[in-house]
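Sharing a structure with you now.
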Amino acid sequence: MDNKKKIRVGLIGCGFMGRTHSNGYSKVSNFFPDLAFQPVLQAVCARREERVKAFAGQWGFKSYETDWRKLIQRDDIDAIDICTPNHLHAEIAIAAAEAGKMVFTEKPLARNLEESQKMVEAVERAGVKNMVWYNYRRLPAVTLAKKIIDSGKLGRIFHYRANFLQDWTISADLPQGGDAAWRMDIDVAGSGVIGDLLAHCIDTAMWLNGGIANVSAMTETFIKQRVHLDTGKKQDVGIDDACIFHCHFQNGSLGLFESTRYARGHKALYTFEINGENASIKWDLHDLNRLEFFDNSVDSDVKGWSSIHVTNGDHPYMDKWWVPGLGIGYEHSFVHQVADFLKSLETGETMQPNFRNAFETQKVCEAVVESAKTKEWKETGVEFKG
Amino acid sequence: MDNKKKIRVGLIGCGFMGRTHSNGYSKVSNFFPDLAFQPVLQAVCARREERVKAFAGQWGFKSYETDWRKLIQRDDIDAIDICTPNHLHAEIAIAAAEAGKMVFTEKPLARNLEESQKMVEAVERAGVKNMVWYNYRRLPAVTLAKKIIDSGKLGRIFHYRANFLQDWTISADLPQGGDAAWRMDIDVAGSGVIGDLLAHCIDTAMWLNGGIANVSAMTETFIKQRVHLDTGKKQDVGIDDACIFHCHFQNGSLGLFESTRYARGHKALYTFEINGENASIKWDLHDLNRLEFFDNSVDSDVKGWSSIHVTNGDHPYMDKWWVPGLGIGYEHSFVHQVADFLKSLETGETMQPNFRNAFETQKVCEAVVESAKTKEWKETGVEFKG
Amino acid sequence: MDNKKKIRVGLIGCGFMGRTHSNGYSKVSNFFPDLAFQPVLQAVCARREERVKAFAGQWGFKSYETDWRKLIQRDDIDAIDICTPNHLHAEIAIAAAEAGKMVFTEKPLARNLEESQKMVEAVERAGVKNMVWYNYRRLPAVTLAKKIIDSGKLGRIFHYRANFLQDWTISADLPQGGDAAWRMDIDVAGSGVIGDLLAHCIDTAMWLNGGIANVSAMTETFIKQRVHLDTGKKQDVGIDDACIFHCHFQNGSLGLFESTRYARGHKALYTFEINGENASIKWDLHDLNRLEFFDNSVDSDVKGWSSIHVTNGDHPYMDKWWVPGLGIGYEHSFVHQVADFLKSLETGETMQPNFRNAFETQKVCEAVVESAKTKEWKETGVEFKG
Amino acid sequence: MDNKKKIRVGLIGCGFMGRTHSNGYSKVSNFFPDLAFQPVLQAVCARREERVKAFAGQWGFKSYETDWRKLIQRDDIDAIDICTPNHLHAEIAIAAAEAGKMVFTEKPLARNLEESQKMVEAVERAGVKNMVWYNYRRLPAVTLAKKIIDSGKLGRIFHYRANFLQDWTISADLPQGGDAAWRMDIDVAGSGVIGDLLAHCIDTAMWLNGGIANVSAMTETFIKQRVHLDTGKKQDVGIDDACIFHCHFQNGSLGLFESTRYARGHKALYTFEINGENASIKWDLHDLNRLEFFDNSVDSDVKGWSSIHVTNGDHPYMDKWWVPGLGIGYEHSFVHQVADFLKSLETGETMQPNFRNAFETQKVCEAVVESAKTKEWKETGVEFKG
């Protein structure tokens, strides 16, 4: 592997996403041996030294930092990967871009459209490589959906629907804020399910079905007050617990999106379905190795929804793993994203989704927030045409 | 059976619904032998004599008519059952009520709120028994859902979602109007999927989860012109091909409804799901003998969605049929509705859903139509509190 | 309907099967209006007058008897339909044949091969129409399986497997014998799951995949003694509670069959699967309106098990019922069998399965019993070649 | 990580299983950071230098060998892990044991009982740690099944059934022998599906349900001759393509096993089901993150098969991975096995399954082979009582 070109990564944040990314970097060369580039776990950064040191040891980072500004200035770092809570994305990303580093950030791009715009401008001005971890595109079944849609098999599209249903915040005893519950804190997260969950749905949807033109949304906060870990006091909850919106895509199809953390019985039920004139596709994260496909051209009496177990050698990414029938897991999407990024360095093609793509997603999120607030339809201003 | 009191039925219309109702009447005494009342297939009425005569022979009606006004005046008829296209519901129902007959009508109650109101007033003024064939309430799995919800097992309700997806009108060659395609003709049907499909979803939803307070809707007509069978010419299509709306229920839960005839791969996919604090329920018409139930009080490590095959003797209606594991079909819901109606005559309890209940459903439909037109939220004015 | 030729039926037995058959006779003309023949519920017979009288009233039989010998002698009866416990099949069928009646009998044909043989000889000697109620052939999904197999789409067959799993006899408190528990009494039933459940599996299997050549079986009686309702005392249980066998079909494929009444969680889980070189098929009675189909000729990346909702107008029998997506139930298989029998009278084709076909099934059952007893492979002696 | 005790592994073989094991070793410390021991990828060995060198580079092995005898003699190796074709298991394992190394081997233990016995004797004589990679025990859903069974929730067991269905050898063009197709060569593999697939089923079965006492089996070789890659000529195929057997477990329950490589449509469909007096469990490798559970103590009207998505923090191993709802894949079972082995070094408990356990599994395989050959029931001689 010594002849591979090294990309020295500086990772900021060592929570859940710090782990998924670290795993992606450390696995990619085992399973994608033909890549010309190889990531190196050069440094990890987090505020608490004890924690970051342990994390560095666990994952094999060569060094660690407790101040992200210092990390960004290091000469031995090629890429900054941001796994912090959302409120730090913009500041770090802009600084990293200005320091000439490649910049990767967890989704959503930022807390709001304004921050997002500055980030896009920063990376484009600096001319640095950038990407956002909308990882679900890289699950083989989802990539296969894209491939089928791009083949034209669906014909004119009539409907797209997606939801992301969870149930982990139903208890009124759950706090907000602090390290443990920053996703519940409006100042840190920027929104509730909109940025956390719907952003995934929107990214996938626009990748598969083109731009969303306008939206009509509603949101709800079921539990109005929760103890804030920073103050120890009950405070108003600012995030949305649930959000529903319908929309028009630019191609004329109707969209329907729902997300909540109050759907008892669903842990991470991300599903989407697309209905075309000639064929339809369904997917469900709880069965992530499957894709359901309905092909209307099949003989009438044996026509039905086909359950494709996306584990064959000719399925996306699956020549890299095991044998037909043996499934992979959630984390593999991150390995694939690393592989695709490294490949893009080789080919010179623009990696997607990058900050620019994620900015379009952010426009839809912002329109959703606005529509829910004003109870009116909102134009998204999304520019690309799918 | 001679000691049973007879209800002599005059059925108007001999299409699809004429068949389901006739079957309901003819089967009920075989499977519900303990009822004090028994329906008699006294007469059937339709415009074309040849057709109605054949239908009478096929189903064992004692006589037939070709003019519904004549049928209504007959002394040997106790109940008028309306299975005509929607535009005739109001006129016939009002006349039948004025003639002192019991009145049953297929759903939706009428083409619009105005007609509906007159019908409610007519039956209530006349003091005649009345009901509307929102048959899905009487599928055992749906009735079981009601029973579970009424038991309080779900706790506070957060979400209700339902859809009714079909794919039979995708072809641009399909005509509108005439006997064959009256559901595609705005003047006859009153609306598209709203009255045909969403009305079912709304009836079930308000029965299970209480009144819908306000709605925000969108509709679409994908194919703008179709040949009209009455004129032979291409004419504008007035009905909605698809409709999506979200809403607030009076109990504070969020609702989400979608219906379309352009969801390739779905024939009659009526599904609903309700998420409560402590439990959730799902149902799907394509698997009509099952109910999915998630009970959060189960031990954490073995907790999951439970697939209830609703075919046990202690499940609703199922002591009347076969043995556990042996499913029943769609048409049985009509048999059950007849049985429940006959039982209500015995007990004196008010049969549901009656015209009054269906009028509330119609209010929601009307608000949906209005909201889609104006692109604004609409209050439904629904009065009951679930 | 007066121009239809009448088949006046005398039904013996008014238990579960008496109900399914009565329903079949009474529904057939409603849903198959074009048949030249029509069954008439002429008489029903059972020992206890009160019960048979009530049954006659409930189902609309014109008369009743309490002695089956008397019924057989009546001039106004064209067909005798035997729904008694198994031990009476042979005696009644032979007498009915000798009286020149058409003879129908519930499955299994008889308690054992010897009785079966006499029955076949009797109907063939008398030259009377005859059939056995292996009703599952007439569920649309099963009939569709037959159609697909006959089309040759599967290619060379490698495997056939079927099971019929129930859980209703697990309690040691369940008695044997009497009217209520005759299926648990070896003298009346002849066997346990072999005749009751595996006979269904074998009938379907040989219809779909040809003759079974030889078998290797095991049986088990889990609960060795149960109270006998005739004596009130605990007595040895003679029936098999569970049976497993593997076999060779005459076409060289391997067969695997299992049945039990001790599979906790399964009510009536009759499933079969057939694997061919080019395609495979699966079916499950708990989802009786579906057929699963795997077609290996589909493009590799979208190939999968297709879930066919067998409710389209071009699916077997389904043009007679409702619209696509609306399922039918268990009892419809009996309606279809009546319709096919009446049609066979019209066309002159031999109705299947008849006594001769059921005799072949009985040979396999007998070989299974013998194999389990001797712990050796047994040749079945089945003659037909599929 | 420097304070962890190192286990220096020498891996023999760099095919499919070489990859799964290497991944297990390299991932374990990332996800199980609290273990006192850590595996080190010290050396990998395979005959062809170019290939083994590339593999070493890809996976980060410190060195490589082309002669396994040399590897075994190296002082810097603590454990030998055998991933070769089956015919080399015995020789290498015995030599490794004699050299005082820990010995791990892929399943099946060996080609036959005789080889297996010598291997057990060798490791027990040498007193070296040993284990066999029956990895499926370590999928969280399977481990959960074990936990539920051990809790006694199932009560008396009546039935156990398992199958392992594949379809990859249907083409007559597939060769036998050589590196590519050694699983098709009787001399190298020892058997067909029996050792390759049924051995997995038997290992799981006896772990969950205790010893198998006796068996009655059948086997088939559908394609009688295939080109042998060593000779280039068509030669008789010696392996079994398919095998079915039924059996008695020592606890009195009935067992049913089937495996084939000719089940069109199934890639790696390993399923098992166990039916007890009070509860039942089902599992399916194609949905490896789920366990189906039927608990008869649930209220009658809401009782059903519960689909447990085994991804919660309190599910086996799942506290080490992601968050509820996010599934893992096939390869994680190997990571878990490494973790459990390392833990056993810490606690001093005997690792299972070891050679002794796998020897018991081999006894059943041998009895199956013998039974199929002689067409008679065979006692297995299995000693443990579950």
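Think of it as A, B, C and D in the order they're written, each chain with its own count starting at 1.
FYI, a contact is a pair of C-beta atoms (placed from the backbone, for glycine too) under 8 Å apart; a residue touches a chain by one contact, two chains touch by 3 or more.
Since the model is a prediction, treat every value here as computed from it, not as a measurement.
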Shared touch partners for subunit A + subunit C come out as B, D
Furthest chain, CA centroid comparison against subunit C: A
If you tally the C-beta contacts, which comes out ahead, B-D or A-D? A-D
How many Å are there between the centre of subunit A and the centre of subunit B, using C-alpha atoms for each centre? 42
Using mean CA coordinates as chain centres, what's the subunit A-subunit D distance in Å? 36
Express in whole angstrom the distance between the two chain centres, defined as the mean CA positions of subunit B and subunit D. 55
Using the touch definition from the top, which residues of subunit C touch two or more other chains? 266, 305, 309, 312
List of subunit C residues in touch with subunit A within their complex: 144, 147-148, 291, 293, 295, 298, 300-309, 312, 314-315
Could you list, by residue number, the parts of subunit B that touch subunit A in their complex? 158-159, 161, 165, 167, 170, 216, 218, 220, 222, 242, 244-246, 248, 254, 256, 258, 260, 262-266, 275-280, 294, 296, 305, 375-377
Report the residues of subunit D in contact with subunit A in the complex, numbered from low to high. 1, 16, 20, 22-23, 26-27, 29-30, 33, 54, 57-60, 166, 168, 266-269, 285-289, 309, 311-312, 321-332
